[in-house]
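Both complexes shown next keep chain A, but they swap its partner, so chain B is in the first and chain C is in the second.
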Partner chain A sequence: MIYDVVIIGAGLAGMTAALKAIEMGKKTIVVSHGASTMQVMSGCIDLYGDDRNPWPALEELVSQNPAHPYALLSQEEIQEALSFFIERMKESCPYHNQEGFTNFRIPTAFGEERSTCLLPEGQFAGQSAAADVKSRVLVVGLKGYPDFSAELLVEGMHKRGYQGWDAAEVDLSCLQMPGERNERVKRAGTSSRRHKGLSANSVEIAKRLEKSWQHFAEELRGMVQGFDAVAFPAVLGLDEHLVVKRGLEKYLGVRVFEVPTIHPSLPGIRLARSLGAELRESGCDFLQGFPVVSADIRERQCGSIIASTPGRPRCVRGKNFILATGGVLGGGIFAERKGAREVVFRLPVANPGADAYIQADPHSAKIADLTAALADTHSSRAADLIATRVAALADDAHKEQSGTPGNRRKADSPQFTTSGLRHQISISQAGVRVNQQLLPVDEDGSVLLENVFCAGRILAGYDPFIEGSGAGVAVSTGYKAALEAGRLGNNE
Partner chain B sequence: MNEQLDRLLDHCIKCSDCQGVCPVAAHNPQYPGPKLLGPDLARIKCAGGAKGNTPEAAGELLRSLEMCSGCQRCELACPYGVPVAQLIRQNRDVLQRKLLLRDKMLATPQVLGQMGTAIAPLMNPVLRNSLVQKMIKGMLGLEMEQPLAFASRKDLLQPTLRQWAGAAEGKVIYFPGCHVNYQEPEVGRAFLQLLDILGVKALVTDQICCGMPLLAAGNREKAHTAFQRNIQIFKEYVEQGSQIVTTCPSCSLTLKKIYVEELGTEEARQLASAVYDYSEYLEQYSSCLAALVHPLRERAAYHLPCHTQAQGTGLAGLQLMRLVPGLELNVVDDCCGQSGTYGFKAEKQGVSRAIGSSLVWRIASIEPDIIITPCGSCKDRLSFASGVQTVHPVQLLNNACQK
Partner chain C sequence: MVRDGLRKVVLYMDVNIKIKTGVLVIGGGATGAGVLWDLSLRGIDAVLVEQRELSSGTSGRCHGLLHSGGRYVVRDADVALECYQENQILRRVAAAAVEETGGFFIHLEGDDPDYVDKWTNAAENAGLPFEELDLSDARRQEPLLSKAARRVFEVPDASIDPFDLVMINVQGAIERGAKVLTSTKVERLIVEGQQVRGALVKDIESGELYSIEAEVVINAAGPWGGLVAATAGVNLEMAYGKGTLLVYSQRLSNHVLNRLRLPGDGDILVPAKTVSLLGTTDLPVPSPEKPKPIGGEVESLLDLGEELVPALANRRLLRAFAGVRPLYNPGQGAGRRASRGFAVIDHEKEHGLSGFYSVVGGKLTIYRLMAERVADLTAASLGVSTPCSTKDVCLPALTEASPPQDKGGSSEGSHADGISSDRGNSDGGTLICECELLDKDAILQAARRLNRFTPGAFLRSTRLGHGPCQGTTCIYRAALLLYQEKLISYEEFQEFIKRNLTDRWQGIEQVLSGDQARQLELARGIALQNLQLRGSKQEFTSGLPRESHGYEPGSKDCSQGGSGGLSKALHGNKPGSGSEDSKQEGQQQ
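Right after this comes the complex of A and B.
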């Protein structure tokens, strides 16, 4: 079987591309190594920057940096992609947006403020709570879930003048696990590991809440009197998060919202699952769990990709391909000290502003020595040796920091300002250069592959961590890649 | 622990993707999950040095090792290629537990099967009796609510491989596996008929077990013996280019992946490259089958078992089903919770049922006329829990060709 569109990568860009390709009536398959990195995602679709209205800033960015992925789309196209995304997620994972796709302001887990363009329903009430300085909000922490501190959030809000925010804590023992009997739970679950002071994972709590959010609501009922809204860490359910959130709101009579936490982050996992489910229902095929190790390329046309499966490799044939394997974190780019490479098609990796990264590190020789010493742990003198080396390294580092001229350029050891940090981790700009059709190009701009479109984090020239543009680029370039692939398919 | 595994262990960045997909962790509050039992525990083991000394801190983790059902979903979810399931399996070594009689029984399905099939007409009704089920549960710790049903001896498949005197070159060998051998020979017969229609004369192996149940019971030594034995049985055929085809996803996963992981020998790799899942084998005949099948007007739930997904052959099976006109396919890919022998163990019954119930709900919402699944143990579980007729894809294809 030959697919119309083969998508490599099951992250936000890949799955958005798949949704669009399916909608265009293309036979589509998503091939991925593992689950995506969406488990570290807040679930919000950040577009760009911190302004209330991100569009003027975006225009400026694109004019200053024509190699930025946003420069590949018009503002209308980006908005079209966002609308498409909202429309398709309407049922299973609904999103809210403001008129003209301006930014929402929402509180973070530290009680600070951040901007985002599309808000999932679970976090929606957060923006109205943060809009009014006089709002009364109860932040509920969970005993046994150390990844979220209600006090920390409330402290941050107080510092910013939101005096009506209060912290509270609920014990997780009121939650029932599927398969656990009622009586056992009522006896405070003494047999459970989780209640002996050990902590629980957010996914686990979410699963429990799905089954017994009513017990949880019962526990909360007395606490929420006089508050406008209640905030929770983002653990309110996984596959049935809408039931839990809406149920709690109805039962408690106040608005409920979630604040995203560290990974595993439920809002990201929910979005990934909803996208997957939506695709499955629309008839998209999946091959998950195996790396794509090579491709069959003839005359700049890819005919098939080869996934490494047990026994023998599996070949997936297609007319058009979308490369959405992600960056360094997602595994689309493999980085080492010598440089970086793209893993599927061996496309050249550009790294705008790579000087700090590519340059030989004066420390590396010393580190090699140290590794050799560590390998020789049987030697009685090894411990002494290591201790001396570590002290010497620390000494060097100290000298460099205090400004003693070493063989490092001064610009490479800056104070930790935002711009310095950006320079330090310039690997986050590494990626594949593409043309306006999202086809990969080399340094001179000539097309390397004519039916492989790149989308999302694999693209060069932007830093999602500094810009706050990761999800926005993923959705819009994923959408565009599908359009381009579909268009090419129709012309044949 | 071997060097390669050590290296892969370093790839774990604790993203918890495996925790999110683990069916056991989602339904059992005591279970620490694949991240802790796999890479984390392996690190602790490494720290314990070559002698395998395990620090006290791992004590609590160790007791949970047996709760892993071996579905392999953690490994598929890992974005960084950490062999999580393999690590968990290898970590079980530190668990020095005496095997119960029940574990020994479940570990050797050939023995159980030979006994069961010999007295099937007598045994099956007895096993359906709820009082007997309770007794078995109390005495042996075997959960029999979903009864084992053995085929009677006269219905069993006839092994033909050993009698074969001709050249081994290019022969197709059918490896039925214990479930087909002792419980559902009709699946094997359907497959052989289908091959016959396609002009392929397959040889049938003796009633041998792939060895996976031994490994699942924690008897690694005996499992390795079984692996080696099977490798020797097939060696001659593999060297002469024969293909070994199975209809059981767990058997083929074991032959293709687990042997290589466990033994790491060249012989194991050779065997792996000669083993085919039924769907992989039939792929080459797709156009032929498309011409042969008659339409079936049925609404089907197509279940993708964990072990089919773990070898990446789900797609091939699905595409075979799509050859049948009129067959409405609704794909479900959650774990059924049975996991071979896992669901038969009384202490695991609660979590096993809980895992299965969400899948059964999903299937019920499809309102299918028929459930299709290539895995024998999934099939037993699903037909028992949903009450819907459940068939193997080769049975369906064979029917569609016969009509």
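Right after this comes the complex of A and C.
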């Protein structure tokens, strides 16, 4: 079988691309390795920066940095992508937006304020609570859950003038373990030991709440008198989050919202699961749990990719491919001692932010020389060759920079010292350069592969954590990659 | 000039004399702690001051290798023999901090074969025990050893935890009445006529200046010794050699692995608790402050380390760090050729200044001997005839601080044993650090045991953030815990996270590859995206927060002008501390 669109990577970019490809009537498969990085993130779709209206700042960013992924799209296209995302998620994982896609302001776990463009329903009431300095909000912490402090959040809000916020704590022992029967059957110590023993993790609490949120609501009922809203750490259910959240609101008679904390992050996990479910229902195929290790490339066209499944490698053939494997964190780019590599197609990795961390950017000619070999073997031999050259280049560059071991033996000189965090930022801008169609290009702008579109964190030239742009780039470039792939398919 | 000097003396004596003691020991590393323990055993009243935290200088930034002497035997048989003798003593008296791993000296193909003979001859002459092992036997014991190994000799090297070592020395001394003041920096020695009478010190946290009057002052400040002596107008010719080490996420060998050749870079791998340390380099540096690993060093260490243990290439590197060797070599300079021996300087003989001794040079393995020598001189000058007994009296095992509410009685064992047995109905078993398995109780115990609570001392004493995740999860959790226990304020909360994360990240920067690069991206994502750490975006873009303002020794780990609350919360004896907490009473005891 030949797919119209083969998507490599099941993160936010890949899944958005799959949704759009399916909508365009394309036969689509998503091939993925591990769980996506969505699972550790807050579930908010941040667009860019902290301004109330992010669009002027975005325009300035693009004009100053034409290599930024947002420069690949017009503002209309970005908004179209966001609208599409909201529309498709409205049943399983509803998101809210403001007129003109301006930013919401919501409270953080530190009681400060953050901006985001699209808010999942679970966090939505946070914005009205944060909008009114006179709001009365009860922040509920969970005893035995070490990742959230209601007092901290409340003190932060008080410091910013929100005097109506208050903290409370609820013991988790009112919750049932998944698998426990409804009428609290006593089973020799199992659950009670759990309650006072090791820490509870957010996913476990979420599952327990799904099972017995009514008990939880019972405990809370007396506490919420006089409050407009109740805030919780983001643990209100997993697959049945909406039931739990809406149930609590109905039962308590107040608005309920979550505040995201650290990983595992329920809002992100819910989004990932909802996207998967949505796609399955729409007829998208999945090949999950296996890394893509090589590709069949002839004359700058990819014909198939090889996933390393147990027993024998699986070949997935397709007309168009979308590379959405993520960056260093997602696993699409592997940082090595002497460089970094793109793991599927061995595309050259550019690193615009690099100063001390040397990235080799081998000329496209060398890649072109080797594509034939790649096609023959499907194997890593050619890739190794490229990797060796990358390493050699990196090595040379490194020697120039830091001195050879021979002249190393002298007092510290400033040229050796780098400032630590810029260093990391430099690696986090590493990625693949693309043209306006999201096709990978070399330094001169020549297209390296004509039917492979890149989307999301694999793209070079931005730092999602510093900019607050990760999810926005993922949704908009994923959407666009599907459009481009679909368009190419139609022309043939 | 003389008049000037006198005026100064008068001025300093105006400053509030807060403490009077027999001996003032300067420096909270292994040497200072050893001196304090030695003096306390002789019944001499002593106070130790440390500008930062215990083991925050050279002692805490080394391999933690208890040398058998093999490394130095060819060049300096005396130092080698001292090492061996001390090795044997410390195995006995400091058993709580020593892990008897044993060591291998390995001759690799291509290394100078003549050196092997030189080494065996020298070791025989010096009386160091060693035994040649059959290659297959050595491989069986150390499966990751290079195939290029040609000859292997077993020696009695051991792994020693310098943090625990300093801690037990200090703890033993405190039990015998000694005093320890951390975050207390010597501004200037007080000289009256030709006699050193004590020191003017500054409490780094409160900024308070006061003087400590002592009959004898012992300068055991390691690489800072020259600076201390200089305040009394004495010029010690110190040289500084920076050594960089790499930390791997697991134990890769059973023994200490030494390369059998002229001592050089990257030729020792030490298994230490849950990690392995590869080192070191040796670069002359102009100052003992802020030693930092640099790219070239790390590359060279990796190359050399892989020659000895090729498997290092694909093991997870946690971080790199550097320490500064204090070298005392009048007229010789630094480097591997510099003697690693030590000297005790009686400044009365050398510079006509009585009541003042410096102990300089040396190394961790012989810290006890260094302490003994200087304590001998001190005791003689004070007319105390009790001989040194640190060879025979065992150091106490590290005990847990026991706040009054601790119901379990005194539980013994190192701070590392995180999950404790039964915690009753409390949630004390809540795991804070999943890498080092530290629970809530262990964290709070460690916080209360500190003489001064600073984030750096806290992290060192718990090993929090020292595992593979390098603080991604646990620093946030620990901060929440400390906040809820009112050990840090709301303002200090974010500062605590930021300081500690950036500190951890700095160590990762030079080893940024593979899983650790991923880990760092995860940590950045969590801190910047999920938690939205305040001010972080600006600071993290423009470089290190720490370097954006002037660095001050002593301010390393405490927030600038912010830690008052920390120490207040923990120092029940300080005015202004809250009274609601029974924990504070526990701290006073």
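By definition in this document, the second predicted complex is superposed on the first by the 411 of 492 C-alpha atoms of A that agree within 3 Å, B and C clash if a C-alpha of one lies under 4 Å from a C-alpha of the other, contacts with A are read in each partner's own complex, and residues count from 1 in each chain.
In this section, a contact is a pair of C-beta atoms (placed from the backbone, for glycine too) under 8 Å apart; a residue touches a chain by one contact, two chains touch by 3 or more.
Since the structure is predicted, the reported quantities are computational estimates derived from the model, not experimental observations.
Participant: In the superposed arrangement, does A:155 touch chain B (first), chain C (second), both or neither?
Facilitator: The answer is second: A:155 touches chain C but not chain B.
Participant: Looking at A:335, would you say it contacts chain B, chain C, both, or neither? Reply first, second, both or neither.
Facilitator: Only chain C is touched by A:335; chain B is not.
Participant: Looking at the overlay, does A:263 come into contact with chain B only (first), chain C only (second), both, or neither?
Facilitator: both
Participant: After the superposition on A, what does A:204 contact: first (chain B), second (chain C), both or neither?
Facilitator: first
Participant: May I ask you to decide whether A:109 touches chain B, chain C, both, or neither, giving the answer as first, second, both or neither?
Facilitator: After superposition on chain A, A:109 lies in contact with chain C alone.
Participant: Tell me which touches more residues of chain A here: chain C or chain B.
Facilitator: Comparing chain B with chain C, the partner touching more chain A residues is C.
Participant: Counting only touches as set out at the top, which of chain B and chain C does A:40 meet: first, second, both, neither?
Facilitator: Both chain B and chain C are touched by A:40.
Participant: Which holds for A:427: it touches chain B only (first), chain C only (second), both, or neither?
Facilitator: second
Participant: Which chain A residues contact chain B in one complex and chain C in the other?
Facilitator: Shared contact residues on chain A (touching chain B in one complex, chain C in the other): 37, 40, 263, 331.
Participant: Please name which positions on chain A make contact with chain B in the complex.
Facilitator: 1, 29, 33-37, 39-40, 177-180, 189, 192-194, 200-201, 203-204, 207-208, 263-264, 269, 280, 285-291, 307, 309-312, 314, 330-331
Participant: Can you name the residues of chain A that touch chain C in the complex?
Facilitator: Answer in residue numbers: 37, 40-42, 46, 108-110, 112, 114, 143-144, 146-149, 151-152, 155-156, 159, 196-199, 260-263, 265, 327-329, 331, 334-337, 356-357, 398, 401-403, 405, 408-412, 416-425, 427-428, 464-466, 468, 470.
Participant: Going by the contact rule at the top, pick out the chain B residues touching chain A in the complex.
Facilitator: 15-17, 19-21, 25-30, 32-33, 60, 75-81, 252-253, 256-257, 260, 272-273, 275-276, 280, 309-315, 318-319, 331, 333, 350-351, 353-354, 357
Participant: Of all residues in chain C, which touch chain A in the complex?
Facilitator: On the chain C side, the touching residues are 242, 283-286, 292, 294-297, 299-300, 302-303, 423, 425-427, 429-432, 440, 473, 476-477, 480-481, 483-484, 490, 493-494, 502, 505-506, 508-509, 512-514, 517-518, 520-522, 524-526, 528-532, 534, 537, 540-541, 543-544, 547.
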